[in-house]
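The structures considered in this document are given below.
Two complexes follow with subunit A in common, the first pairing it with subunit B and the second with subunit C.
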Partner chain A sequence: MFEIEILTKKGFKNSRGEHVLSDICGLGIENVTKVEYSSLYIIDGDISFAETETIASDLLTDKITENYVIRQRDAECLSEVISKFSDVKEADMINPNFSVIEVWYKDGVTDIVSESLIKAVKDLGIAKEIKAKAGHKYYLYGEIFRVTLDTIATKLLANVLIQECKVY
Partner chain B sequence: MKKIKVLILRTAGTNCDYETQSAFELCGAVVERVHINTLVEEKDKIFEYDILTFPGGFTYGDDVASGKILSNEIKNKLGYEVKKYALSGRPIIGICNGFQVLVKMGLLPDPELFKQISTLSYNDSGRFECCWVYLKTEKKIGSESSCIWTKNLPDVISLPVAHGEGKFISESKDFFEDLNKNNQIVFRYSSKDGGEPEYPLVSNGSTERIAGICNKKGNIFGLMPHPERYVFALQHPAKEGFNSKYGWGKVIFQNAVDFAGQ
Partner chain C sequence: MKCTTKCKTIEILNLSDEQLFELSKKNVLSLSLEEMKIIQNYFKKLKRDPTDVEIETIAQTWSEHCKHKTLTGMIEYIEEKSGEKTKKTYNNLLQETIFKASGELNKPWCLSVFKDNAGIIEFDSENGIAFKVETHNHPSALEPYGGSATGMGGVIRDILGVGLGAKPLASTTVFCFGNPDMESSKVPEGVHHPRRIMKGVVSGIRDYGNRMGIPTVNGAVCFDDGYMSNPLVYCGTMGIIPKNKIDKKVESGDLVLVVGGRTGRDGIHGATFSSTQLDGESDISAVQIGNPIIEKKVLDTMIEARDLNLYRSVTDCGAGGLSSAVGELGKKTGTVVYLDKVPLKYGGLCPWEIWVSEAQERMVFAVPPENIERIIGIFKKEDVEAVCIGEFTDDKKLTLVYDGDVLASMSMEFLHNGVPKPARRAFYEIKEEKIQKPIDMSSFEISSSLISSLADLNVCSKEWIIKQYDHEVQGQTIIKPLQGNNIETSGPGDAAVIFPYTAVKNTRKGIVLSNGLNPQYGKIDPYKMAASAIEESLRNAVAVGANVKKISILDNFCWGNPSDPEVLGSLVRATKACHDMSKAFEVPFISGKDSLYNEYFINKKKYSIPSALLISAMGVIENVENTVTMPFKKNGNKIFVLGVTRNEFGGSVFSKIKSIDGGIVPDVYPRESKDIMEKIYNAISGNLIEACHDCSEGGIAVAVAEMAFSANKGVYIYIDAIETLSPLKKKCRSGNEMTPVEVLFSESNGRFIVEIKPDNEEKFRKILEGSIFSEVGYVSDDKKVIFESKKNNIKVQQSSEVLLNSWRNTIIGC
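Up next is the complex of A and B:
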């Protein structure tokens, strides 16, 4: 099982992150200083690392504005092993002053992005049966209490009826 | 007189195909809307048409990124034919989502290279923007543009936009120098008098306020605004147009039909 994260390259505007920051301010929360958004995809099935890299580079990443990171995940454990960066310095990823909110569809909820993704993987010539999930990752900068993160996650970023959040 | 045949390529999520068909028919063309699966089964069918159109919409729900899945699909399944068609000099237009497809496929700005070197990214405003904008037609500045689609347009026209990912950017400064040098910039967002626009007349943050470009030869044209939504004066908010009947979008389609008929 591989997780692919699509990051905005340095020097390009992270418009979705800025829009979320504006919405957070609209909730009256003032201690979030910056938000960066990235897309997440999980690809599961009989698929090799090389094929996953093709999916990441040729399909999921806009070569002009984005980079990708591929992580190998086991089914149950959320701990990650960073396997591959495309032109991303590891130092760029590690900043003690941010918190992360991930938003995923709950099991059983139709994930239409993943359905498009499975179709697009076949278009790439990878004719294997795979499962896919699409999610969202928000990096929130600033000294933010856990309760505030929970508020942002559940009031703003996720529809808790159909989506679940991971806050860390 | 030869009837000009137009192919409008559609797939899941295409939603401007009927309006585009209507615009071309108004200009005297015969139009067929063809699903990509049909074209993939019979690839050489593409050469039966005089004009190729990638219409607006939200192909595959804009999943992953606008136009990305369709551009990959075309490149992987029809890449050879589409490139050959483009290099033959026949007119090709990509409107909104179609422009995103052309750019991400790499057919614009250079079909010979056929590689993505620019992109249409998220609007600076961070949201979907839907309004009428003014466009400065760059053919009137410096050397005449070679774009066959935009002859006979006034200095400034008005067209509607509706997109969330219309910010035209590239990694390289040379890229924009080349576009300028080769007169490939066709439309820039402008104010009513052709000057610097303010929000919401320019909402996406496009580099150099670019709204539409063509290839060097001028037969391939991509733009974010929707000319098919302004073929009659009646469609304009102030009912403006020319000959008190038509909208400026019609001129764009008429130019291509006339060119193909020569």
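Up next is the complex of A and C:
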């Protein structure tokens, strides 16, 4: 099982992150200084790392404005970076001053992005049966209390009726 | 009857009344005790208990959403006025009001009325145009994005499923939301903030409509805190259909072909869920998520199959899923369906879940066996899944089979006609309306009031919403939602006009779409609210050039709990107005929908919505060149006000912003109003009108300001020249009995502002002979909006730019 994260390259506008920051301000929360958004995909099935890299680079990434990271994912959250974009250093990804909120659809909820992904993978010539899941990852910068993160997650980023969120 | 581990027998034969009711509640069946007892008796006669598939099928078929039990049931209505009570019994409220009016009008150009997925009127000798408006309120309250998107997807499928399929040309959306600026602390736990609901709903409509390639061309938004917990989301779609594709009939032996999306646990109990109040503990399965790309492919392929005459009937899978769609198609013949053949998104679904799932983007066709290979080939070509799941029989029974076991066997007669008619009580007290104390203001105060009115949520620009929608796709939108000189200066159009030249070669005809809605009036008098909504929808259509003699209308009632006699009483009163106005204007209803139980309980406290009736109008315009927009066109042109201004402030925008108590709700005077509408049509057809705008929220002041700032021009209006009448219908001497501010902000119905070239004045006056109208001013080049009353020493003067900014800046980048 692989997780692919699509990130905006440095120097390009992270529009969705900016919108979320504006919405957070609209909730009256002031200590979030910056938000970066990246999209997440989990691909499960009889699929190799090379094929996953093809999916990430040829299908999911806009090579001008975005980079990708591929992580091996075992069952739940345990993840290990096994491939990352070439032009950004590992250190850039690790910033102790940010918190992360991940949002995923709950099992059983129609996820049309992952349905499209499965079809597109076949169109790409990878004729394998895979399962996919699509999610969202928000990096929130600033000194933010856990309770505030929970508020942002449930009042703004996820509809807990159909989505689950991980805050860390 | 053999049951598998996936299908349970529901023991009801020996249950007490209390246990029956508990069973209904526990399983979200939304069936009353009386209905449960009838089901119990039916199975007693069969000497067996029902299966869960059978119980779920009955609950879906008998749901308020599918059967409209309240509006077609028996109602004992008592109306009280000045202490006197009158009583009337309705055996079928819809039949005796709305349907009755359409039947009596019996317009030959109405091709399909209240009998299919949408109403159809004649467009030309070869084509009809279909229109349907649906609501998706409860799903949008729970999941605004998915709820609104599937609302749009659903109404598009209604158009695909009318007759043998119409091609969608345009969509409309109308919303009612809570105040988006509401403090978060005031929003109850378990409810999304109104801003989040608004953003989600708009995004859902945008993504579905734009991806389908159908322009969203017309709409309205109403804000009221009463919709905080329970937004209203109305979605409408209009399409064109050849006249020879309107009739459809299933024949025994036809195959049941399900086409489009796969079935999952989406929207389980959607039909029955819509008959319950929102209680903050809603189930994940009640939420639906749409996939417009699948629906777009279904649209394209089915129109090809239609034109090759490959199927005999079609309908969409909406509320109730396959149960509703196949059940309706096979109502007169009978049907057998093999549930294990239904393509699934994932395993693990019980047979009843497969049968009632409201998974999106599915259509059901009745296909003669000899055409099955060819039609599946057409769908396959575009990668659309099409699977034969059964056949229509001649036994008039519904038979459901799973893995070779018969899980349901019921007569169609019981299923479709076995539901008892509920008897409800309704009560309404007509309260006396009183004119408010005279409103007198200085010029400065009037100017400030105009700015506040333009900035009010219910008047201000909805550009943030409109510009997210593609209203140009298909290239046939002639009159658009925002109108003006350029992208920075625009005003609100009254109605949209579609010129369907790609669908109908060499035509000059157009299609007008408009709407009317004002829940504020309904808080005081639902009769006047309904009458005003009808008049407003017609006024909007006429303002762009429609002929009132060729307009049809649709009703969409969104009300609270009809078990409350006063709530139902107000609904009865609104339907009465629908009948009266339909007859008086000679405008037929062709389709409609009701959404009841719009109430929400949190911590045992009941929240109910303000009752809302949306009237959507569709008409045919003979020549699209004879249409007009609302911005002023040329300096020096003359301004006329058509219609009478009365002292009517009840429920008005001005009353709200100035906290004015009392006031009379605007009434409708059909004879007066229809006469003016017919004359405007004649004048527009004769190219005598340069610009036309209806007066609604905010009255003459707002309408004139909008016409001026959208053109970046100025205007001079002489208030004393505006014709007024006292509420006692006695003609006022202009301006004498109403103060200048009352004349400017009254929301009387039946009025238009029109711009005329001086050269056309004589001809225009001749057409208007016998009607109440007056010349009130002129278009000027100084970019100032001026209202003057010399008798009252009032001169209001404001720049167009300031007024435009007031109007534009309320909702920005939500």
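Everything that follows uses one rule, which is that the second predicted complex is superposed on the first by the 158 of 168 C-alpha atoms of A that agree within 3 Å, B and C clash if a C-alpha of one lies under 4 Å from a C-alpha of the other, contacts with A are read in each partner's own complex, and residues count from 1 in each chain.
One rule holds for everything that comes next: contacts are C-beta pairs under 8 Å (C-beta built on N, C-alpha and C of every residue); 3 or more make two chains touch, one makes a residue touch a chain.
Predicted model, so just to flag it, every value in this text is computed and none were measured.
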First, second, both or neither for A:D58, with subunit B first and subunit C second: first
Superposed model, subunit A: greater residue contact from subunit B or subunit C: B
First, second, both or neither for A:S116, with subunit B first and subunit C second: both
Subunit B versus subunit C as contact partner of A:E18, first or second or both or neither: first
Which of subunit B and subunit C A:G28 touches, first, second, both or neither: second
Partner chain in contact with A:L156 - subunit B first, subunit C second, else both or neither: second
Touched partner set for A:L124, first subunit B, second subunit C, both or neither: first
Common interface positions of subunit A, toward subunit B and toward subunit C: 22, 112, 116
Touching residues (chain side subunit A, partner subunit C) in the complex: 22, 26-28, 106, 108-112, 115-116, 155-156, 159, 161-162
List of subunit B residues in touch with subunit A within their complex: 60-61, 63-65, 68-69, 72-73, 76-77, 104, 116-119, 121-127, 167, 169-171, 205
Contacting residues of subunit C [partner subunit A, same complex]: 142-143, 146, 184, 192-193, 195-196, 264-266, 282, 284-285, 287-291, 293, 345-346, 359-360, 813
Of subunit A, residues touching subunit B in the complex: 12-13, 15-16, 18-19, 22, 39, 58-60, 62-65, 112-113, 116-117, 119-120, 123-125, 134
